[in-house]
Amino acid sequence: METLSNYIADYLELSGLAREILYAVLIVAVAAGVFMVALTISGLLTLAERRVAGRIQSRVGPNRVGPLGLLQWLADGLKLIMKEDLVPAAADGPLFRLAPYLVIVGVFAAFVSVPFGQLLIAADLNVGVIYLLAITSLVTVGVLMSGWASNNKWSLLGGIRAAAQIVSYEVPAVLAVLSVVLLSGTLSMQGIIAAQGGWPWHWYLFHNPFTFLAFFLYFTAAVAEGNRTPFDLPEAESELVSGYNTEYSGMRFAGFFLGEFANIYLMSAIATTLFFGGWQIPGVTPEQQATSWGLQLVGLLIFVAKASIGCFVVIWLRWTFPRLRVDQLMSVCYRYLVPLSLLCLAANAVYMLLIPAGSMIDRIIHYGTAAFGGLVGLIFLWRVFHHIRSVGDRLDLNVLARGQKGRFDPRIQARRYGKFRKKRYSKETG
Amino acid sequence: MTEVLQSTPDREELILNMGPHHPSTHGVLRFIVHTDGEIMRKAVPDVGYLHRGLEKIAELQTYPGYMPFTDRINYLEVMFTNMAYATAVEKLLGTEVPPRAEVLRVLVCELNRIASHQITLGCITMDLGAFTPFVHLLRERERINDLMEALCGNRLTFNYMRIGGVSQDVPDEWLKQLEAFLDHFEPVIDEFDSLISYNEILIKRMGEVAVICAEDAVGFGLVGPNLRASGVDWDVRRDLPYGAYPQMDFQVPVGMGEKGTVGDCFDRFIIRVEEMRQSCKILRQCLANLPEGDIKAKVPKMPRPPKGEVYSCVEGARGELGVYLISDGTPKPYRLKWRTGSFAGLSIIEHISRGLMIADLVAVIATLDVIAPEMDR
Amino acid sequence: MTTASKEICKKLADKLGVVLDFREEAGDPWALIPAERWKQACLTARDEPELSFNFLRSLCGVDRPDDGVIEVVAHLFSYQHRHALVIHTNTDRSASRLESVSSVWPAAIWHERETFDLFGVDFTGNPDLRRILLPEDWVGHPLLKDYEEPDSYRGIPTTRPGYEKKKFGPQLKKPAPKKPAPKVEKKPEGGEAPKGTAGSAEQK
Amino acid sequence: MTPTIERGPEGGFAVGPIDGLLNLARKHSLWYLLFGTACCAIELMQTGGPRTDTDRFGMVFRSTPRQADVLVLAGTISYKMASRIRLLYDQMAEPKYVIAMGSCANTGGLFQESYAVVKGGDLFLPVDVYIPGCPPRPESLCEGLMLIQQKIEREPWLKKAWGKYKSDKPDPMPTEGCEPLR
């Protein structure tokens, strides 16, 4: 940023004061840009969530506003702005008003150091990872504040649950991230990406078995920090009505809503950066990429694609899993995730100590992990497609009344899903 | 905020008001939950938000005229309420129902049982946080609604049965559609099992939670699937046979403590899944041996049952559904009382709620399958 | 069914040491138990191994203004012996009072509450006797045959404007002994959430 | 879909197009309250289900009244419930709309003789759309929601919002609603 400012100032031959003003204007412009990007991303994610949920549930999902319903989030946003601005009489006014902004600021400010491309980053901080982890903690304060200020017991429970959950899951998340930091030796987001490569076996995900594990630890903890199913206890609909945002309406609710979805993208982006090689293009070195605008664009697309897949997985989880209970949630964190992430950290340190980088053993472990991970992924994908095939496309369009059969074949399905029935019947007879 | 904390008499106790509008109370039902943080001291149910005075209305209607009101006793098991009332009046009148009508009654009842359990199972999963199975079951329920609509013209309040028989005969085309539905639906149950029933989180949420022992279940008057989940092998269809059920061959699933203790939430859940399978089995038998003949016995337009009283019960989707009917010889009932499963089912919650968590309460309400109109009538 | 019921009744009467009024009309037969022996009869019916009625199917009231009584009817069932029994008892209509059987079958708590709500029968010994179906501030017991509906409840008219109001209850054959206006006892710990729990959405 | 440009007495040149745009947004984002009292609640669920997917029109359910735009009175309303519904309505943020779904919510329906049923939701709430049926089919409910959409389209929103929020329907209980709840 400073270089850009200096460059423009030199070009225009500006004086000292003008340089400062230009710098300030640039900062504001970039901030606004980041805000708009984050807003658009989270808006589109709300739409994506509803469309994906629709397809998962044999529905269609919003498709009336704009082509494919692409403007649905704008309609929702406009409507929420125009709703009455309610502050409950018994609520703690200032805190109640402040809380959504903390959530928004906490999430959106983190977008500043998300490396969308090699050059496309608002601020490549040398403490990028720490900054991200620190600034997103503002969300906890906001959520807790909203729960407290609403003067509603359900909100209070939601806020307290959120605080306990986010603070607890911060621990395994940070420890998992530290493994990567240990390997790369830098806290800068760009630096971490640059330490990886374009091909999957260069990613930190497949660096060794412990980073592979660390990724899953990070992802689980991140889902929990984002309050998503199966860890969506703070806003558990069937338990706490809407949790901490029960009393919020209109624009303030939209703040929470956007914050939540921006958070999903953020955690996918961080996972992409730390474990999936970020904007690295396979077969192109960062030096080559830096020279070409086209390659920059490809890098951006690769980053966005990787992060979108992460978002999709999070949405997919949401519409598939039931919810954990509070005590189970905590025991998952402290009994399994924290020890495992400590193990990962220690094992990575030992790995770096014992196995010299670039040696034969190092490579074997690299490729072995990559092969293993690829295999797991393939088996998973195969199972997914297997299920999709056996269930078929079951949009309910009143098939029975038309006297037609759906596209799926009940016999195939019985064969594929019969094992549960068999198990149960054998138990009954036996 | 301090006000909230001070409002409780015991400063360590938080009193939560859950309902009558709460996403997990399925209609209008209210709990006053005394908690210590997340753990409940007790949950006191407060019912009556859908009290419609249906028992009083019965005293103002003629016997056939009350039939539409029976639909509203429980909108999820309309056929059962219809049948309970019809059999009660038939018992008083001493009417013999033709065999075809008996089989047709069983047929629609079992179809209705499937529809009812679909909503129940869907609500259980939804209350535990999984929204998708609920929508999938709604999708399958639409097919049953289609069938019912083709049969009697309404999707929810069927008003299909009459005193002495049923109102409409089924066309052959409808039977074929029903068979197609069964072919379609039986695998869907397996799919549901693989999608959610044996999901690890769901098992963790329901296994060993809110165990109701057999003694409590009987003492509090729990009936139907809730009673069977506690290990009491009792089914009105099999043990006090009525209608065409003696001809049917089916199993009665009983709680086995598959993922915990007998009588826990998971047993109550999985029993309903099993019952859907058994209902499919009964439906196939009905289709295979549907006798020919009349669908309605000769009953006077304005029946005047002799003076006396009768208690008649059927096995509804929520267990024994009884009608206590007193006639004084006039065309109008003197007194009519509904004995429903939900009313008894809910009364046990205060007893078992101590020590559960708020999230467990949701699971208990859902798995006990309480439904507002049945409690409040 | 009838003979079985008769035998059961006989057994019960033997144990109780009273002669029970056994009636057979159309439908199910039933036995009339004196009100003062009500709880004892229920206890016997539950505990006697030959009877062991462990399941209280239902307990309800029947208003008989012509006789000046409110009947309380209990339907019992035994899972062991698979037999059923219907027992009635009469309570005075002007001051209906009966001993609670909630200690015999816990299910009776709610059934008695319902009977209290709809008929005003005061069950002594019920741990939680308050209105269950109707609001706490409701006046009267609607299933009594002489119940009359007020014109409005909490500012909501009970008749739709432009509609004719329907009167309740079948015509009484002779003027019934007037039941005194019920006094709804306010329990201090009525389970109601106290004031100031204000929040939103009925979650208050 | 073009914005409806109204040149009515309230609209005028300047506000008309903006109003049209805002109304277009509002009408495609009707969130209804997840709340049903009786039989119609099941049909309400089915309406959100796969066949009559209201999400297509941007209508989703919210579980808290603060975030809902439409209150669907689905089913019979007892006197015990009426005050609670009134409270729910009062908790909703303006602009808010009420649909009376089914005969019971319209007039009390089948339960004219009942001592415990309110004879129509409009005795204590300003109702915008009445849907007949016992219960109405999901298609009917969809049509009801679309009638609300049409109503929104015609509203001179900006002018009204600048003034104060008020439903154009007379409120049958203009004072504090029902008696305060304990």
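Order of writing sets the labels: A, B, C and D. Residues in every chain begin at 1.
Rule of thumb we're sticking to: a residue touches a chain if its C-beta (ideal position, glycine included) is under 8 Å from a C-beta of that chain, and two chains touch if they have at least 3 such contacts.
This is a predicted model, so every value here is computed, not measured.
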| item | value |
| --- | --- |
| Identifier of the chain whose CA centre is least distant from the whole-structure CA centre | B |
| Pair sharing more residue contacts (C-beta pairs) when C-D is set against B-D | B-D |
| Distance between the centres, which are taken as Cα means, of subunit D and subunit C, whole angstrom | 40 |
| Distance between the centres, which are taken as Cα means, of subunit D and subunit B, whole angstrom | 31 |
| Inter-chain centre distance, subunit B versus subunit C - centres from mean C-alpha coordinates, in Å | 24 |
| Separation of mean Cα positions, subunit C and subunit A [Å, integer] | 59 |
| Touching two or more other chains - residues of subunit A | 57-59, 90, 151, 153-154, 237, 241, 246-247, 396, 398 |
| Residues of subunit D engaged with two or more neighbouring chains | 49-51, 63-66, 80, 84, 88, 113, 115-116 |
| Shared interface positions of subunit B, touching two or more other chains | 3-4, 16-17, 20-23, 48, 51, 53, 56, 60, 135, 139, 142, 376 |
| Subunit B-facing residues of subunit D, complex | 33-39, 41-43, 45-46, 49-51, 63, 65, 75-76, 78, 80-81, 84, 88, 110-111, 113-117, 134-135, 137 |
| Partner subunit C, residues of subunit B touching it in the complex | 3-4, 6-9, 15-22, 32, 44, 46-48, 51, 53, 55-56, 59-60, 91-92, 94, 216, 218-221, 232, 234, 239-240, 305-311, 313, 320, 322, 324-327, 332, 334-335, 337, 339, 343-344, 346-348, 351, 376-377 |
| Contact set on subunit A toward subunit D in their complex | 50, 54, 57-65, 69, 72, 74-80, 82-86, 237, 241-242, 245-250, 253, 395-398 |
| Subunit A-touching residues of subunit B, taken from the complex the two chains share | 1, 3-4, 14, 16-17, 22-24, 38, 125-132, 135-136, 139, 142-143, 146-147, 177, 180-181, 183-184, 186-191, 193-194, 196-199, 201-202, 204-205, 251, 256, 258, 274, 277, 357-360, 362 |
| Residues of subunit C touching subunit B in the complex | 25-28, 30, 54-58, 60, 62-63, 73, 75, 79, 82, 84, 86, 105-107, 109-110, 114, 118, 131-135, 142-143, 145, 168-170, 191-197, 199, 201-204 |
